[in-house]
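The following pair of complexes shares a single chain, subunit A, combined with subunit B in the former and subunit C in the latter.
After this line comes the complex of A and B, so read on.
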């Protein structure tokens, strides 16, 4: 751009000729204040409350009451497909398009394994464990533009997304985090400041074990051989040549995987992190070691 | 007789004499006010400090004179380059007003409290029987209708007027205040706060000679200030010195002139520009972050 823009613009130049801005000169933006004084303060006379009755006296019945007949929310029958809808696990979707965007902007480091912590630090996703979020799911919108070799760990992934990542020579794993571990994973620093030892990650419940034991979903509980077979099968299905990762220079990073009970890379359950003195305390008692290593 | 002793000129065209009964505002623009011109692009003076961060191509830095407090002469030492996103932002007067009102009110706790009819001493017994006495019916002698009775809708207990403006609004307020000071030629940059004597008289004469105005706010970074300037400003009511962390919109508007050192300019630019590029907080910024 050849013309340099003055940030202040014309207003800056006009200000040079105006009186000094002091405490006496300031006034609010016209229309921002709604102050009225006197009898018109609350709308005047009946103040918008109507005439007599429950309306004016503030005694109206509860929300949903329709005067005595069966209200709408009771008249409609329940059905089993809605049962426990508010307790179902939810997964925040992450498109491959957004993932590529974050990698291109440099917010995600492809030379390190990509974890939910890294995604949250890059402000790529917002996960709310208190709203029944159990993690992040990879969605295959943008699989045609995706071109990055990464080691990514999510909680759910669609087949197309798995294919897109493996086509570019990356590694994808799906793993389970129980809500407490998820809360710790998202915000590690407030957890470390609490002064509690890192807990063990819980195993999935019986309805989720088949999902995470399946090699098709690249579950973390599945056999590594079956995962290799599933990779080959998926490459045949989607019609791309499966690149050989073992000859890659970043093979060590791509093959990094967390232990079943581990929450953070490099930190085992039972350890206590002291942020202020920058020390890690490990348990020495036999029973504790036995518990944390089981 | 003018309220202030400064001669003011009316902006009406075609009238030479100001009518005697005209009440002029005290801060009317005084054209005889000594306003120094902007540094021309071909000065021989060196640029003592340029912006730390690299500016985008469409922005150019603002240049101002750098003066010294050691000798009271008017000659500047050199030039400084100031970041336009801190010292030349659009003059958002509504943000200045918001921040000023916030500063005034968020600390306020009003302790006004009146007694309600249940809190006033007495008034539990019905004063006279309901019917037959001929007087109006009453239930207690402390109802709001009675003399000495409770107040029905009075102030109740300590009320807090605490609220927080968003961080970025408060930062913008500081930027707008600095920019408007620079635009109206009330901002002066100084290389350091060394003075030859701790005499307050020296400072007042210096301010008068340099035409810095009635009140001056001096800002510096660092834990220790030179003793001379501390002693000199201690006695004076209109000349005040504050650390850079204490810079706020209210103080800037209250004092006529603002004096910053080069170190302060660097500190302010660093702190105020960070808010333009930072991520949103996952947890409060006071807790340790490894990457921000």
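After this line comes the complex of A and C, so read on.
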């Protein structure tokens, strides 16, 4: 590795030592197009357009036209398979294998709760709220090699993924972020630089409330007792011994959960973050406090 | 329609608050946050400042800032990540790791059928690397594959998808 890099390398050296370019030195690239001059240069006579008719005159009908009978693309009836596809919520999949990879490389800190901000900061997932992404879903590919105790918050999770996380003594919660809150969650710094107070996180729409109120999905709106029962039931179903996290030294961290209206850990809605002076401005007006704490 | 939605929301809120009462006070919840006074009226004749400043909770903001450098972890076999060898291998060329500490070999597909493998971040004698890659791929496939060397960007392109083979080969060399 003692060779110093010169931009252009050997090609540059060759160029410097070659003689001046003249017509005597130049030759066309083998296999390149050779231009012809004269009447034959655009194909000659009819120039490849055929004889009379729409073909030669450039008046052919539109793509898909079949001479007058109902064309194929209109004859086949539609079905609602793809109806509203552009409005359906999408969730970026995150495999347990990738999660383990990120933890192993030190990109994710397991001593703090992992939420979507931490995943994006670790460059583990890319979420695009403008493309109808509503967050991240945990997929159970790699559940056999997963071995990390974490407090993770995602938007959807498969049963196998929940089992894998709880088997290792971790805690998983599924919670909802409306598109604006999601945009703020994945890019907190540009939001703070905007100079707006942290908004309240909206509650899910009526179609998503059953999902997030269900203890089976570890929804953030579900009853805590039911979640404990579901943990025990899942352990029985998948055949592992449920570790007792209350005896754990990291119990305080594992039990940390965001409030329903909170976007960031430790920061309440209504607060304004001043990054340049490293200060947080909090409102004191009654009405504002009542609104933000409702 | 909006009225019914509000009622539904308040009903839900009731359910949510009952759930919240069961939960032990989370340190991050707005109600438990220090410095927030609820429903306290100002004393007569006294004007309260409209905002309060605090630096105590700024540490939570610092946790949200994305790091510019990704940490170099110890690495475990379960995920297949192998760290680079502590000393660079004794070869006329060097291939650096990417920002995420992986081997910089990538594949590309153009026009649906044009498969190319790219080796980036090459330093030193790129022609020696090209020779070694050609010899290695001749053993693997039995064919002399066309390659392209770009001395300005110091990249090597090979026709075909060989990212898995090349990554393993480079890892074995110790890059």
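The working rule: the second predicted complex is superposed on the first by the 216 of 294 C-alpha atoms of A that agree within 3 Å, B and C clash if a C-alpha of one lies under 4 Å from a C-alpha of the other, contacts with A are read in each partner's own complex, and residues count from 1 in each chain.
Just so we're on the same page, a residue touches a chain if its C-beta (ideal position, glycine included) is under 8 Å from a C-beta of that chain, and two chains touch if they have at least 3 such contacts.
This one's a predicted model, so the numbers in the text were calculated from it and none came from an experiment.
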Most subunit A residues touched (candidates subunit B, subunit C): C
Subunit B versus subunit C as contact partner of A:34, first or second or both or neither: neither
Which of subunit B and subunit C A:70 touches, first, second, both or neither: neither
Which superposed partner A:117 touches (first subunit B, second subunit C, both, neither): second
Touched partner set for A:20, first subunit B, second subunit C, both or neither: first
Partner chain(s) touched by A:80 [first = subunit B, second = subunit C, both, neither]: neither
Which superposed partner A:9 touches (first subunit B, second subunit C, both, neither): both
Which of subunit B and subunit C A:190 touches, first, second, both or neither: first
Touched partner set for A:269, first subunit B, second subunit C, both or neither: second
First (subunit B), second (subunit C), both or neither touched by A:261: second
Those residues of subunit A which subunit B touches in one complex and subunit C touches in the other: 1, 3, 5, 7-9, 11-12, 120-121, 123, 189, 275
List of subunit C residues in touch with subunit A within their complex: 8-9, 12-13, 15-16, 19-20, 22-24, 26-31, 33, 35-41, 48-55, 57-61, 63-67, 70-76, 78-79, 81, 88, 91-94, 100-101, 123-127, 151-152, 154
Of subunit A, residues touching subunit C in the complex: 1, 3, 5, 7-12, 97, 100-101, 104-107, 112, 117, 120-123, 145, 147, 188-189, 192, 203, 206, 209, 213, 221-225, 255-262, 264-273, 275, 278-286, 289-290, 292-294
In the complex with subunit B, residue positions of subunit A that touch it: 1, 3-9, 11-12, 15-29, 32, 120-121, 123, 186-187, 189-190, 193, 275
Of subunit B, residues touching subunit A in the complex: 25, 27-29, 57-60, 84-85, 88-91, 93-94, 96-98, 100-101, 179-180, 183-186, 250, 253-254, 256, 279-280, 282-283, 287-289, 291
